[in-house]
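Order as written gives the chain letters A, B and C; numbering starts at 1 within each chain.
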Amino acid sequence: MTDQAPQTIAPDLPPSLAEQERMVEAILFASGRPLTARDLADRLPPGCDPAEALAGLRRAYAGRGVVLERIGDGYAFRTAPDLSFLMQAETVEQRRLSRAAIETLAIIAYHQPVTRTEIEEIRGVAVSRGTLDQLIEMDWVRIGRRRMTPGRPATFVVTETFLDHFGLESARDLPGLAELRAAGLLEARPPAEGLRVPLALGGEDDDMPATASATDFFKDD
Amino acid sequence: MTRPASPIPHLRAVPDAETVAQRRADEALIVDVDGYEGPLDLLLTLARVQKVDLMKISVLHLAEQYLAFVEQARALRIELAADYLVMAAWLAFLKSRLLLPPDPTVEGPTAADMAAHLAFQLERLEAMRQAAAQLMGRDRLGISRFARGTPEAVARTRRTEWQAGLIDLMRAYARLKTRGEFRPYAFDRRDVFTMEQALDRLRGMIGYVGDWTDLSDFLPEGWDARGARRRSATAATFAASLELARQGRIEIRQPGAFAPISFRRKPPTLDQP
Amino acid sequence: MTDQAPQTIAPDLPPSLAEQERMVEAILFASGRPLTARDLADRLPPGCDPAEALAGLRRAYAGRGVVLERIGDGYAFRTAPDLSFLMQAETVEQRRLSRAAIETLAIIAYHQPVTRTEIEEIRGVAVSRGTLDQLIEMDWVRIGRRRMTPGRPATFVVTETFLDHFGLESARDLPGLAELRAAGLLEARPPAEGLRVPLALGGEDDDMPATASATDFFKDD
């Protein structure tokens, strides 16, 4: 400003360099895209030198939380790269497990250690890799010992995290079918008396406590 | 549109209303009552014409101007909204009270109070208009001040927390283990005599029943023994008999509670051969 | 940093004030809308004091092309108003507001919290539903607390978006507020019974006391 003091009469004198820096700063801040020196010159009053103003600004912002970046031919303000972690927010989304996942988990919990083939036999459908992976990734299920049978298949067991989440001391505390029925979690069986409905032969021994059946089942472990 | 033939009374107070443009504006002022946002707005415009501080406005003079305006509008057969007439009536009332010496026996606000309140309202409206203009003249966002042109969105990383409770787990297991128990419900119809069957049977038989006949005599063969079959046939036949009675084809009789029920064909009436 | 040198072992030490300033600068620069000290604290590492960082930033940006503005409880970077002449490219086409809307807005700003009846009292005409709806939709006006008077009428107040738009730190900074208050023009001066100047009934709503007062008034006529 001091150097322009003697020339106050001239009306078309370009603004001081400090003023040009302010101008470029404001224009770049408000712009929706990077602007080239040419773009800036078009918008500044005549006689301005955007290159100098840009250099000045670049120095002024060095080391700040915001930096003047050169992007191709253009210039734009950007958050300092080392602060990018501030631009992230983690949102936790709560979602219910899919039916396939919860059924697979239930089978593993009640029958552990259990092989994939066994899970599939109980569910009656193939277990997708993704379902088991998801349960393992959640740290609710892990791979147990290999079964000492032909093919030495891997078994699955539930983890401590699982027990924590479900508030169980051990998987043995899971209620058996009889208890589930008593708790109303099983649909009441149609009354056998009066209506002579031929009952299909149940494949499994329904009323046996789950823990017992699980151990019975896998004597070798 | 009708043009005013004579100079507008209230505009006489304005000395420099001589230019054509101004005259036109003044005519518009008269004709275009809709241009005002109600009588208070019009009053404020008229008050401005007094060219004095609103605090020192002559409400009496203002009332006269307003009434003259309304008169003028009526002379030009301009439909004035009811509000303007209500205000005119109120101002006429105020004017008469302002001109009369105050009556100490009259309760409530004096004419001076009413005039002061009107002046206050006009001043307040004027103040709010000026405030609005000042507000709109500020350095507004998007006009004089600008936000960052390329706001950097906060990257939202999403972590999914899977939800499952013990109940879900147990239900899932229960569902799996009881899947084999589900059977389609099949009803055994061997021992059921339906109402349709009973109706068919009764319709076929009733034509021959001139005299009271016990319900049990209508039970089909093989259904009249004791037990479930007889119960089913009895219920169906009774229900069918109600339907036929409703249609006016039979009459039903039961001498007392739990006594045998009997029917007969309804005897033809005289006018219905 | 020097004062933290002896404690280099503590891993959870809050960043230095200079570093906090950088962080606040980055977060505010990145955001299009004002953020409160609370918003900032939520995004800064634990132990940071946004208030101090904000004060430092405010000083650092004073007189620049971009300034740190205080808007209600929030802070935002905005271009300096004196540079608006450079910003034709960014000027946003403003929605046209009716005279009724502008006046209603001013009345709400200067008289808030204000009921609809009071707005009508001041303007002398009914407030149409659409006028208030428009102001609310623009997020310049919101509904405040109900007035604890008979009928519990809703009140209207201005929003932070309003303050941001008009460059006001708070509603106390409205132009001419002190003068208007001194002149008694912001006092709720309910007209004594019978003193009420009739309101115009032009609006859509007929449930205002205007009808009643007008008729009351003319009983003796």
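What to note about this one:
In this text, contacts are C-beta pairs under 8 Å (C-beta built on N, C-alpha and C of every residue); 3 or more make two chains touch, one makes a residue touch a chain.
Quick caveat: nothing in here was measured; it's all calculated off a predicted structure.
A simple rule picks the central chain: find each chain's mean C-alpha point, then take the one closest to the mean of all protein C-alpha atoms, which gives C. Taking each chain's centre as the mean of its CA atoms, A is the chain most distant from chain B.
With centres set at the average Cα position, the gap from chain A to chain C is 38 Å. Rounded to whole angstrom, the centroid-to-centroid distance between chain A and chain B, based on C-alpha atoms, equals 46 Å.
Computed centre separation for the pair chain B/chain C is 33 angstrom, with centres defined by C-alpha atoms. Residue numbers of chain A whose C-beta contacts span two or more other chains: 26, 29-32, 77, 79, 87, 89. For chain B, residues that reach two or more other chains under the stated contact definition are 146-149, 152-154. Contact residues on chain C toward chain B in their complex (touch as defined above): 29-33, 69, 76-81, 84, 87, 90-92, 94, 99-100, 102-103, 105-107, 109-110, 121-125, 164-168, 174-176, 180, 183, 185, 189, 191-202, 214, 217-218, 220-221. Across the interface of their complex, chain C is touched by residues 37-41, 81-84, 86-87, 89-90, 93, 108-109, 113-114, 117-118, 120-121, 123-125, 127-132, 134-136, 138-149, 151-154 of chain B. Within the complex formed with chain A, the residues of chain C that make contact are 21-27, 29-30, 43-44, 63-66, 77, 79-80, 83, 86-87, 89-90. The part of chain B that touches chain A in the complex is made up of residues 146-150, 152-181, 183, 185-188.
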